[in-house]
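Structures given as structure tokens follow.
Shared between the two complexes below is chain A, which pairs with chain B and chain C, respectively.
After this line comes the complex of A and B, so read on.
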């Protein structure tokens, strides 16, 4: 019985539901200390003094740690080396780590934190993109406050605009988004008696953490071990930040020789950890009178915050996705990551693409209106066909489900019936219904922007009883990787999933497999497991062939048996074979490896094979709007996704539903607000508003499977994609219901009323 | 969390003695506001008195004249599911369903919601239009305050430090009446309202329409307020036509003095005052009253 394609119960579901899972805060080591971070309350300034004397007098406070206590390199390396772990003489955002208080109890650490006194020479902070790029702006980074810029140049965009029948020119803003994972960030550092250091915690990227901890402690990498604990959500927020959290705990453990736990409280997590970049986009579209896109000219600015962290690569993904899955020969895209005195923004499901997709899809809606066509029709008309090129000049030549997802979403949403019946013109009283669409693509994996990291390993071991354990370098943060990879291992060896165990991700077990980001765990680790299983099967097949008197290459591993392909009733049970192999010491462990398929990118003109494959999605959103209060209710989301192959369809649907809700929050509710000094004011979940279960719309997830030949069982990554197109589909529906086109997120009632008023409705 | 001394009296006199002896003490009922405030260091009481065991603070009952008594420890869930409240004042039951989340409603109490005194408190506008009375008690006696006199400022009650709210009384209404409650937040659960409004009419021969109106507004002033100008306008109006109701909603804007804060702007709150009052009035006019 194959496991791939089956709705296996999540392998860790029962321990999670029954509360048995051990998250980092559930770990307790004898003699442990508790860390409380002293964060900067100032967005920009010089540190004049740090007075810890009061804090040290508090009963239970053991030590206060600052930059002076860092034994190794204080600099956080993510892409650049610009972000000090502990503030070193200056602070660049409110929420930056200045010191950490160690207490025997969480309470004493907390009191100690309040007693640390820091004085600053405050300077006026730079709080917006416009302030950051203004001539004469205070310098946060290098000569111009721009961390990174990219461009795409293709064809002759100027000529396209000269020859166009229609030119659409607009500015768009998208707001912040906080990850709001259920488990806040936390780490437990445990010093070894032999000078080694183990750090346990919630994370996506153990190898980033490993690298930083060893450099901060000035320890050989061999003496550091990073173990991922059960992680309660991440969404990109646990890509770069855990390296800092772990390093703070590790410095404390190193200095005191005691285990040190650092758990961030929700409000500490919100002020100090990464977010989705706010963005400002100037988007020009040239089209002919039929609505065919002739050219685009795009300027895309991201508010990166005070340090570069992941912004250069986030910007790159945004750049490549600047148009979406549409045909356009003449392109100029210029993108910028701008420094401001706010918390560094980083990875968040979609990684720089939801911002620009919001703008590019809004342009499609306006284009449809200008040529008098239906928004679905204008998208179908401009959608790429198999063999056509993206704006980076990449030919889409395989696993191409774009038209299928569009057709499915069109059918299942009832678009053809609803669109003409609903809208601003149809309805009475204050209530209107609207229906809107978006179609997107998503470059799977790190792509050419991160190809040096785009490899992954797996370790597979068969035991004498026929069971299998495996370890990979990617992580499960709730998305279901452990289950999906167990299903792949199950089918590779032909044994039931109950016989399979996925080890926790541990940097001592597995070579650097890159980060668990970019929807890459299934494809990368899945292929690495297949590689390892193939090696083991080859060795076991020699033994089986001897027993079955057959040739090794004519054997199949399936249904708990190994049999000769031609004559399936001649077989040996896998369990018996494993036992025999164990007795005769056949080598039943293997290290698997997967190297990413070809990608390329030319930074000069932005042309190249940006990603090895794309996933596709089409979202239809149905909404109700109260024209008098601006209140918006999302009633139903139909989401069709081409995932290559759904290894576990139920988990795929779970990703679609969760991502859609998160995308809805991004579209209509969520935003981070700052005071005039640059401090975040909505630091809790009572003021940072995310959708509750009661706000969840009806969801219609649709799985489309256009096989990706190089993916495991045809699968390609898609975990981020469910979020990306939801806000644009809602915007399209808002335009339908109100007649006014939204130009920013979140689409809160106040803004909806403004748009209606501006339109004169 | 800071340390405090915890008392759990089992009789009212024991509780009142503790309040007398510990002037800075805080009362703990559901704890849904108190514990959050202590954790966030907004308050740091030395003594917390847990009143959950005081049975005389429980119960919802109606006397022969139709006056309703709600014990201060009644939870929002209990009130919103009370057959008596659902029959007599369904808009008030509905308001209780807007409080926090299911967990908060199961735990939080009406007494706590009143004493927390948030201008956005979901239960308050309904209690204002119902002319509810707050019953208080201390070691030396009892007193009664109309709900509208119970507040001295935002989240500040006029209760003495040694007083405890024992119950809330809703006086019987003679003749027909009809009430409504509307609110708007940023989502449909666990959401503090940006603006709330409650309105009702009761039979009254002395007005041209035969109806006397009460309107209360929340989140648009330091405390919940009565929209006196709007009430006066309606009580003097010749009819209850749509135009009159819309005009009344405009007049309600004169009663409101909203501010910009973390939840929304004063401009938007004014929009909401207009729309919510208008809709509350339409709710109660377009439906016939109950006896």
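After this line comes the complex of A and C, so read on.
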């Protein structure tokens, strides 16, 4: 019985439903200290003094740590080397780490934190993109406050605009989004007796953590070990930030020689950790009178916050996704990551693409209206066909499910019946129903922007009893990687999934496998496991061939047996073979490895083979709006996704449903707000509102499988795209229900009323 | 603040702890009794991850204090299964694929169990109301609703037999 393609239950589900899973805050080491961070309350300024004397007098306070205690590099490396772990003489955002109090108990650490007194010479902070790029703006970064810029130039966009029948020109704004994983960030650093350091914690990217901890402590990388604990959600929020949290805990552990736990409370997590970048977009579209896109001219600004962190690569993905999966020969895209005095933004499911997709899909809706076509039709008409080129000049030549997802979503949502019956023109009183669509594509993996990290390892070991354990360098933060990879290992060796054990991800077990981001775990680690299993099978097959008097290359591993192809009666049980191999010292462990297929990118003109494959999705959103109050309810989301191959369809559905709801939150409710001094004001879950079960719409997940030949069993990975197209589909539905086109997220009632009013006037 | 001694019942076992009276029940459970299945997502009553049953009612254990605990009865996630035999809710959540990161799940199970104990045949609206205080950022909730429905059915069936 194959396991791939089956809804195997999650390998770690039982411990999760019984409360036995150990998340980082559940770890306890004897003699542990508790860390409490003192964050800057000032968004921009010089630190005049840090007075810890009061804090140190408090019973139970053991130490207070500042930049002076960092044994190695305080300046951390993420992409640039610009982010000081501890503020060093100045602060650039409210929420920056200034000091850390170590207490015998959480309570004493808390009291100590309140007793540390810091004085600043405050300066006026830069709080918006516009302020950041204004001539004469205070400098936060280098010469012009721009961390990174990209451009795409293709064809002749000027000519396209000259020759166009229709030109659509608009500005769009998208707001912040906070990850709001229910488990906040935390780390436990445990010093070894031999000068080594182990750090346990919630994370996506153990190798990033490893690198930063060893540099901050000035320890050889060989003496550092990072272990991922069960992680309570991440969504990109545990990509780069855990390296900082771990390094702070590690400095504390290094100095005191005691295990140190650092758990951020919700408000601390919200003020100090990364978010989705707010964005400002100027989008021009040229089209002929049939509604065919002739050219685009796009300026895309992201509010990066005070330090570069991941902004350059987030910006790159946004750049490449500046137009959805549509045909367009003439392109100019200019993109900028702008420094401001706010918390650094970073990775969040979709990674720079949801912002620009919101704008580009809104343009499609307006285009449809201008030429008198249905929004679905205009998208179908412009949708790329197999063999056609993206705006970066990449030919889409395989695993191309775009038209299938569109057709499926059209069918299953009942678009053809609902669209003409609903809308602003139809309905009674103030209540209107609307239905909207978006179609998107998503470059899978790191792409050319991160090709040096695009590799992954796996370690597989077979035991004498026939069971198998494996370790990989990518992580499970809830999405189900452990299960999916167990299914792949199960099918590779032809043994039941119950015989398989996935080790926790630990940097001492596995070579650097890059980050777990960009929907890459299944493809990368899956292929590395296949590689390792193949090596072991080759060796075991030699032994099996001897026993069965056959040739090794005639043997199949399936159903717990090893048998001769075409003569399945001649077999040996896998268990018996494993036992025999163990006795005769056959080497039953292997390191697997996978390198990404070819990708390329030319920074001059933005042309190249940006990603090795794309995943496709089409979303249809159905909403109800009260025209009087602007109140919006999302009733139903139909989400069709081409995933290559669903190794575990139920987990894929889970990703679609969860991602769609996050996308809905992004579209209609979530935003981070600052006061005039640049401090975040909504620092809790009752003020930063995420969708509750009451808000959850009916979900119709649809899986489309256009196999990706280079992916494991045809899978191409897709954890991010469920979020990306939901806000645009809702915007399209809002336009349907109100006759007014949204130009901003979140689409909250006040704004909806504004749009309606503007349209009326 | 001086410590006090409080005695109460957790998962049918009597316990006595010496603690500050203003220590949240959540911390007493996790730190003093090493019952770490109850989770902390906010400490301010906003996420529901710390939900436990207190005298057969759901509460956010981060908002209940040790000083209020004398003589009371608590059920946590560790008290839901019967030895190795999972509660039907736990089984259904697994079968429906409703568990992702799992961090919200103990709280969800407690809230749902409370509902099913009081209402054997809840409709979708009642399920949603019962779980309105339990935030989940991973699943989109639809598989959670299905799991509560299917476990309610299972419980009714086994009661009929």
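Just so we're on the same page, the second predicted complex is superposed on the first by the 760 of 761 C-alpha atoms of A that agree within 3 Å, B and C clash if a C-alpha of one lies under 4 Å from a C-alpha of the other, contacts with A are read in each partner's own complex, and residues count from 1 in each chain.
Please note the rule applied: a residue touches a chain if its C-beta (ideal position, glycine included) is under 8 Å from a C-beta of that chain, and two chains touch if they have at least 3 such contacts.
Everything numeric in this text was worked out from a predicted model, so none of it was measured.
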Checklist entry - Given the superposition on chain A, which partner contacts more residues in chain A: chain B or chain C? => result C
Checklist entry - Which of the two partners, first being chain B and second being chain C, lies in contact with A:749: first, second, both, or neither? => result first
Checklist entry - Regarding the shared-chain residue A:681, is it in contact with chain B (first), chain C (second), both, or neither? => result first
Checklist entry - Is A:531 contacted by the first partner chain B, the second partner chain C, both or neither? => result neither
Next on the checklist: Quick check on the superposed pair: does A:693 touch chain B, chain C, both, or neither? Answer first, second, both or neither.
Outcome noted: both
Item to check | Touched partner set for A:660, first chain B, second chain C, both or neither | outcome: second
Checklist entry - In the superposed arrangement, which partner chain does A:233 touch: chain B (first), chain C (second), both, or neither? => result second
Next on the checklist: Is A:21 touching anything from chain B or chain C once the two structures are fitted on A? First, second, both or neither.
Outcome noted: second
Next on the checklist: Under the stated touch criterion, which partner chain does A:673 make contact with: chain B (first), chain C (second), both, or neither?
Outcome noted: first
Next on the checklist: Touch test for A:499: chain B only (first), chain C only (second), both, or neither?
Outcome noted: neither
Item to check | Shared chain A contacts, counted only where both chain B and chain C touch the same residue | outcome: 107, 686, 692-694
Next on the checklist: Which residues of chain C touch chain A once you look at their complex with the stated criterion?
Outcome noted: 20, 27, 30, 34-44, 46-47, 49, 76-78, 80-81, 86, 90, 93-106, 109, 128-129, 131-145
Checklist outcome for this item: Counting only contacts in the complex, chain A reaches chain B at residues 107, 628-631, 669, 673, 681-682, 686-687, 689, 691-695, 748-750, 753
Checklist outcome for this item: chain C partner, complex, touching residues on chain A are 7, 9-10, 12-14, 16-23, 25-26, 28, 106-107, 179-184, 230-235, 265-266, 477-480, 650-651, 653-654, 656-662, 684-686, 690, 692-694, 696, 698-699
Checklist outcome for this item: Interface with chain A, chain B side, in the complex: residues 1-3, 101, 184, 186-192, 262-265, 267-268, 271-272, 275
